[in-house]
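Going in written order, the chains are labelled A, B, C, D and E, and every chain counts its residues from 1.
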Amino acid sequence: MIGLEHFIGVSSLLFAIGFFGVLLRKNTLVIYMCLELMLNAANLALIAFSRYHGGMGGNVFVFFTITVAAAEVAVGLAIIVALFRKRQTVEVEELNALNN
Amino acid sequence: MSTEYFQKIAETNVWGAIAPELALGILALALLAMEVILPKVAHGLIPRLAILGQLIILGVMLTAGSSGLGYTGEAFGGMLSFSETGQLFRAFFLGTSIFVSYLGMVSLEKKTLPQVEYFHILLVITGALMLLAQANHFVMLFVALETATVGFYILVSYFRDKAVSLEAGLKYLIMGALSSSILLFGIVLLYGAGSNMALAGGSVDPLNFGNLQKFLAANPSDMLGLLGMLLVISGIAFKIGVFPFQIWIPDVYQGAPIPTTALLAIASKGAGFAMLLNLTTVFSPLSEWLYPLLSVLAALTILFGNFAALTQRNVKRLIGLSGVSHAGFLLIGVIAAEKVDWATNAILFYLFAYLLASAAVFSVLAHLGKEDDSELTLDDLGDLAKRNGFLGLALAVGIGSLAGIPPLAGFIGKLLIFVAAFKAELYGLLGVAVIGVVVSIYYYFGIIKAAFFEVWRYQDEDEETPEEPVPGESLQLLGKLAILVAVVGTIVLGFYQSPLGSWLAG
Amino acid sequence: MNDFASLVQLSIAVPIIAAFLTLYVEKWGRPAVQIVSVTGFALPAIFALFLWGFYDPAIAGDYAFVSKMDTGLSIIGVSLHLGLNGIGLPLFVMASVVGLAAGLFAAQSKAENLPRYLFCLLIMQGGLMGVFASIDLFFFYFFHELALIPTFIMVGIWGGRDRNYAAMKMTIYLTLGAMLSLVGLIAIYVKSGADSFDLITLKAHLAEAPLAESVQNYAFGLLLFGFGILVSLWPLHTWAPLGYGAAPSSAAMLHAGVLKKFGLYGLIQVAVPLLPDGLKQWESWIVWLALGNILIIGLITMAQRDLKQMIGYSSVMHMGYAFLGIAAMSVLGVGGVVFMMVAHGLTVALLFMLSTMIHHRTQTFEMDEMGGLSKKAPVLSAFFVCAMMASIALPGPGLANFWAELSIFIAIYQFKSWLIYAAVAGIVISAIYGLRAIANVFFGEESEEFVESQKEFAVSDMTWAERVPALILIIVMFFIGFFPKTVTESLNDSLAKEAVYAQTEQ
Amino acid sequence: MESQLYAYGLLAIPLLSAIAIAFFFRRSGAFASGVSVGAAALILAVAGHIIFKVENFEYNVNWIEIGTLNVSFGFLINDLAKLMLFVVAFVGFLVHVFSLGYMKDDPNKARFFGGLSIFMFSMLGLVMASSLITLFIFWELVGFSSYMLIGFYLDKPSAAAASKKAFIVNRVGDFGFLIGIIMVFSMFGTLNLSALSDTFGADASLLEAAGVTTIGLLLFCGTVGKSGQLPLHVWLPDAMEGPTPVSALIHAATMVAAGVFLLCRTGFLMTVDALTVIAWVGVATALFAGFTAVAQRDIKKILAYSTVSQLGYMVAAFGLGSLAAFKGHGDAHGHMGQSVVTGGVAAAMFHLTTHAFFKALLFLGSGSIIHACHHEQDIFKMGGLKSKMPITFITFTIGVAALTGFPLLAGFFSKDAILAVALESNKAAFYLLVFGAFLTALYMTRLWLITFLGAPKSDNADHARENGLTMTVPLILLAVLSIVGGYASLYPEVVSGVIGGIAHPDSAGHTTIWIASLVAVFAGYVISYFFYGAGAKEDRLEQTFKPLHTILAEKFYFDHVYDWYVAKVQQRVATTLHFTEQIALSGLIIRGTAGFAGLIGIGLKALHVGSIHAYVYWFIGGLALFWALAVGIF
Amino acid sequence: MTDIFFYIFSILALACAFGVVFSRNTVNGAMCLIGTFMSMAALFVLLEAYFLAVVQVLVYAGAVMVLFLFIIMLLDVKESAARKTSIYTWAASLIGFGIMVIGVVAINSAESIKTKTANLPVAEGVNLKNFGYELFTTYLLPMQVTGFLLLISMVGVIALSKKTNTQ
């Protein structure tokens, strides 16, 4: 029988994989995708909790997180594009003009 | 779930209580509208209108009543909870916003960038932060926080003609999104724990602070709750700039436009503490873990911020790192608040002092900043006192207050925190704080030194340096007024706190 | 008896108001600035002398001229509580007199940007007057810092050689000292449970329920080392000679003469009466460190080649006696210390002033490069000899210093008899360096350097503008030397009221 | 009129004079000298009134009160004080008058006379002081005025050095003196002289109390410093850098004798042990200085060492005499009570008085010579002054005779008084002192022979002429006193309380003393005459006994030892400490700490590498840290 | 049945997630992410959150990822072959991942996850009407704020991208 812990396990693994991607990848766009993955992982857990524990709260929260994520993506991509226009790169390692 | 239930909840939507936020939203929209309506020549008026509007809101809010505009307790289906502290935070954010608006006006005038959008977003952020401070529910908290954060992303990268601004924006974006995910996951875990009806204290709406606290009180050793708390705290730590989530601060502060830097430094930090103060109540059943954690963080934060700033020459990075140490001091206050009731007031006083001092400092930086203010170093402050005494004085007062030197407001802030810490018997932290203060003197003094002490060096060398155009001379009346408010406020609050007495007197 | 309380307030307020006026009247030219600033210095002196005349220990009770005002920090039991007792009054008067002399000297100096220089000095003066008139510990500390900050700025801007390093070192050192003592004061406040920073309340409260011994120990330790740094207790003194060497003379006068006494005053008025057991614990520390001051610093003073640094070291050395006197914990010893604070304040201020006058004539502080000045400036040499003799407690000009040292010596002998040999050896050491300085600077043949510099400008004797401030100091010095009862009567009275001092008096 | 008003007046006169000179007559030397000399005359008059017309009295007024310390300012006028007052006022006045001539052409005349006035003020205060502390204050003040006057010739480095030395060496003595005072106060709770003497008088066993000997010796330290006893005598010969009238007044007649005066005033608390030490220090000083004087060339140096030697006599007299008094009472603590006067005090004070006369005479005479010889001080460059300066010659000769103890002159009697007490208390001391008398005769005759007889040995000496009346009249007056000053019965009744106390040994002793002293003195004359010859050009001792002469001329290397100590020990310690402080404390510890903090700062700063990845690692690290803290790993 | 679907979609989601992390081509990565989102939508369905599943597909897979692909194409980012991920990055990332996995284990071993009510509660997320009621009563304020959030992100994107007249 698939229970709550399975869903939570998948969700938290997705979160971990997303974090892993953020750590590993150098392409800003991919990093950003991984961040989206992490947000989404939270959604899965929310829905799972909501389902197994009852109540609407989790579901409604997911609605908000999706909206927030969408807005964030829009803004983030706009920044990345603007930066690409200036620097012609999206590689993390080349974006370190600000240091020390 | 009957309609009556929802009806009852709908009745708790007391819009009057959030009139300031509403007014800010309307003002924000009005600014956009005005850009369309007003002729191009009059666009310069818009920032001034924004400031004026906010001043009016602030004025009305302050006169309308000391606590929640007459409302207390929960509202909006438990989303908000009005309290005196929240009211003060509202005033704090609004005040910050006014100063940032002024700074934005100064900085944007030098630019050929869209202007109105900046103020629009700023106002929305402020509104969101004001709600955040009164949030009583994690959904509200998350949404308000994200609204503000997304706004910050934009404002940080606002100077898109400069690569550093965009780079800072990107860094902030990624770090911010990461921390948001962590925060969100933490909330989810709390939700997961608290919604479990099988456990004592479980409820259908565990994201409500009250409910969550009850749940945690019933299950203080619940791993999920503990993990959730840790993740939530780390998300907030990012906002405040607490070790080890402070690492992004110098880069972002350096790259961001000065008004945004100010906003980040003041409002973002304030928001973090507003949240933290609320959440420490929520997490009080877990204080066994929470307070040791916060204590370690506070100590590390103070030490890191101060030591890292020691050899920093870039002014904005320096201010950023000093801000980190201030976060540490404030954190001591938060920890002390566990045992000392009025420590919350101390934190607020500290924040207000910090606001005024930062306002003074950033105003000066905004006036000094040329095309590329991200490279503003201490050397650029050289002979400031000679070039423009007024700005020099403002810088000195601001820095002095940040350094916690009497008779400036910053000192009273530190004193209150210290007394609170002593009352709460946080001796170790107090020791660290003393070290921090002493170390900090070095770099704060370095700024003063750069701005004042080398003034006459130039005369000694008999160089025929052509007088540089004095940036400060273009100070307008508004500018002078703004700086004067910050300076006078800082000084007066240093020895005469009676204006704030009603809440500082406990 | 509280009729003249407003005079106490005015003595603090007038210099501060004058400070701002000085900046304001800058545009009316140098004379206006001079008049305003000198008035700012003279009025407190007049008030102080007036209060001195009207002080009657018989009527005064604990404190005379008491006034109390709430400034809004009642949350931590702070109020602006002013008043004078027999301990504070002589220092209050001394501060005003030294201030007047320093002010007169500064007002006619050639300091660049004179109005700002005077501004700093006047603020300092205001703080100084406040220090000795504060009954509230918070304001006691506050006024000290108020006076301290301008010192750093003056050293940094108007200082001499090494001013940057000196200012920095001084700032960090003194901040550390101030922080430690602040924590100590907070400890008293918190642990006493009196919920007040008010000294009178604290005393009454602690008389009923003294602090636990462990608390006394660490609180006294904090205060001892905090104040110790401020008073340049060996080996925490290294800021002092360097700082005084670099400081502009008026700042050095006020700092070495008056402000430095804050720490001793704090020990006498606060630390020892409130924490008598703490003193007993730290007694041997005080004794050994003070011996370090007297003997080690005394010998080091002999090795100095720089006149101003030598005076700085000598002033460090004399602080050793003060610590010993306090350790003796008797009316005699402590009374001697207070008397010495007054006398030493006048003397060292005079010495710093005269050394600057010497510098104006020789363009150097190196004693090796001086010599034979007495021929060109006999009056100056007379003043200097007089001041130096006072400094080494030769009866006569230094009768006041002599009284002070005598009573301290007797107290020391009664306290620990073997100490007397070390202590009195100090007067031989001080005679050696004092006379060597006189001989090097004034006697013998004119040095090559001096002859060289005379080619550039004519060396003149002291002008009247220089004589007046010097005379003020000397006259007061003689007065209290010849009529010591004017000081000691009220002093005895107040000290006798302190149980700790009176008890040990046999 | 109240008695104390005269005393106040006595203090006020010179003080006002000094103030007037300092403030109004700095540039007009003539007025200044007039004021000062007028003041001196007035002092003489008032002092005379006090001595002759005012009963002994004590007057005290509370001066300062701190805690238990209660000091009163006041006057204690008794016979002892009156005698001293007389010496000071009289010699002071004569020196003032003499200075009128001597300092006539000095541009800094005003400063000189101002200094003299301050000195008179301080000295009178010292004499009249009623408590140890007021005595100490004036004691220091006379030291100060002496300091100022020694260093009168500002541009002479040697004068500056000498004045410094005088002051510092005196301070070393005062070190003990002050501690002594403090101990007195701590033990007896008062510093008032008469109260103390009453205490001792009431309870003789006090002399056996622990610490009293220490107190006595500590107080004696003051005397050692001020009266130039071994080993702190080094400043006195150097002090001759000052103008000669100063040497006469301060460094011969009055101030240096203050040490002896102090002993006499505090004699009641001297224990046997203390007195023994005092006596032997005195004897040693007398002999040592006598030897040293034999090899000096500078006329003033010779007189200075002679002064040291005579002061040694006085101190020895006090010590021996008081010891004799103990002996006479048969027990160790027979107190001397309020009368204060013992054979020792009497002999010491008697010699002090006569010495003041003839030594002032000799100094003024030497001043007269120096003035005439255009500030030539080397006796081997003088010679033949007998005919050129007859008055000086005659008076000087009287002075020499009196000093050496030529029969029936002042010195003869006072020295006999000393020898008498010595004989009574210690034979060895007696013979040593007799030998000292021989030395005195030897070197004084040498001085006299070389200076006055023979032919002029330099141009300066050749052009010497007798000085004016202002200089010769004081010489004559002092010469008269040097002749008659020895007759104790001539002294007015008021001071006979002191002088009258001189010991009158039995006839056997008397004979011994007479024979011994006469033999010694005349041996001195004769040997000196035959050894040096009249008007010798060279020092024969130097030619014949070179090593001995070197040791004597180098003053037994005291100065060398002190110089070595100052330069090689004291200064090096100071410098080493200074450098240790600079390097270890300021450098290593403080800068080290700062540097360490800076290093941490640089390290932390370097952490901001600017890469997003690196920052993300911080996050994961932070989460791990949180986790670790939460599960209690830390 | 549900179990099988759960395993299929969860494995698919995880695999695609790894695909995002490891794919060298950004477009492939984006496609993988779409796959993850779609699988998650399926898991939503298994959890009876139909509305959210639809939203997930529409907003995430539809709008957000299309936006991503758009930008990827627009920027035409070439994967720089020279820039190989260093061994240190790998190591550090794996350590990081390891730490996260420990967290995952900790979460799943938490007591409160295992404690359950006897019966599975009714799935309320099914009821769209309740959803609407909740959003516009209890969550009305966050809803409004979200509106502003979207507004400022729109305004922000414009501000970051629009051509200014003077440029």
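Operating definition for what follows: a residue touches a chain if its C-beta (ideal position, glycine included) is under 8 Å from a C-beta of that chain, and two chains touch if they have at least 3 such contacts.
What you see is a predicted model, and the numbers here were worked out from it, not measured in a lab.
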item	value
More contacts between chains, A-B or A-E	A-E
Farthest chain (mean CA position) relative to subunit B	D
Per Cα centroids, the chain farthest from subunit A	D
Chain whose Cα mean lies nearest the overall Cα mean	C
Distance from the mean Cα position of subunit E to that of subunit C, given in whole angstrom	69
CA centroid of subunit B to CA centroid of subunit D, Å	77
Euclidean distance of C-alpha centroids - subunit B vs subunit E, Å	30
For subunit D paired with subunit E, centre-to-centre distance based on mean C-alpha positions, whole Å	101
Contacts with two or more other chains, residues of subunit C listed in rising order	none
Multi-partner residues of subunit A (each touching 2 or more other chains)	8, 12, 15, 18-19, 22-23, 26, 28, 31-32, 48, 50, 53-56, 58, 60, 64, 68, 71-72, 75, 79-80, 82, 93, 95-99
Two or more partner chains touched - positions in subunit E	89, 92, 96, 100, 103, 106-107, 113, 116-117, 121, 124, 130, 134, 138-139, 142, 146, 149, 153, 156-157, 160
Pairs of chains, among all present, that meet the touch criterion	A-B, A-D, A-E, B-C, B-D, B-E, C-D, D-E
Subunit D partner contacts - residues on subunit C that touch it in the complex	169, 235, 238, 242, 296, 299-304, 330-333, 335-336, 339, 372, 374-375, 378, 382, 385, 389, 394-396, 399, 402-403, 406-407, 409-411, 413-414, 417, 420-421, 424-425, 427-428, 431-432, 435-436, 438-439, 442-446, 484-485, 488-489, 491-492, 495, 505-506
Contact footprint of subunit B on subunit D as seen in their complex	597-598, 600-602, 604-605, 607-608, 610, 612, 614-616, 618-619, 621-623, 625-627, 629-630, 634
Partner subunit B, residues of subunit C touching it in the complex	70-76, 112, 138, 141-142, 145-146, 149, 152-153, 156-157, 163-164, 167-168, 171-172, 175-176, 179-180, 182-183, 186-187, 189-190
Residue ranges of subunit A touching subunit B (in the complex, touch as defined)	8, 12, 15, 18-19, 22, 28, 31-32, 35, 38-39, 41-42, 45-46, 48-50, 53-58, 60-61, 64-65, 68, 71-72, 75-76, 79-80, 82-83, 86-87, 95-99
Sites on subunit B touched by subunit C in the complex	342, 345, 400, 405-407, 411-412, 415-416, 418-419, 422-423, 430, 434, 437-438, 441-442, 445, 448-449, 452-453, 455-456, 495-501, 504-506
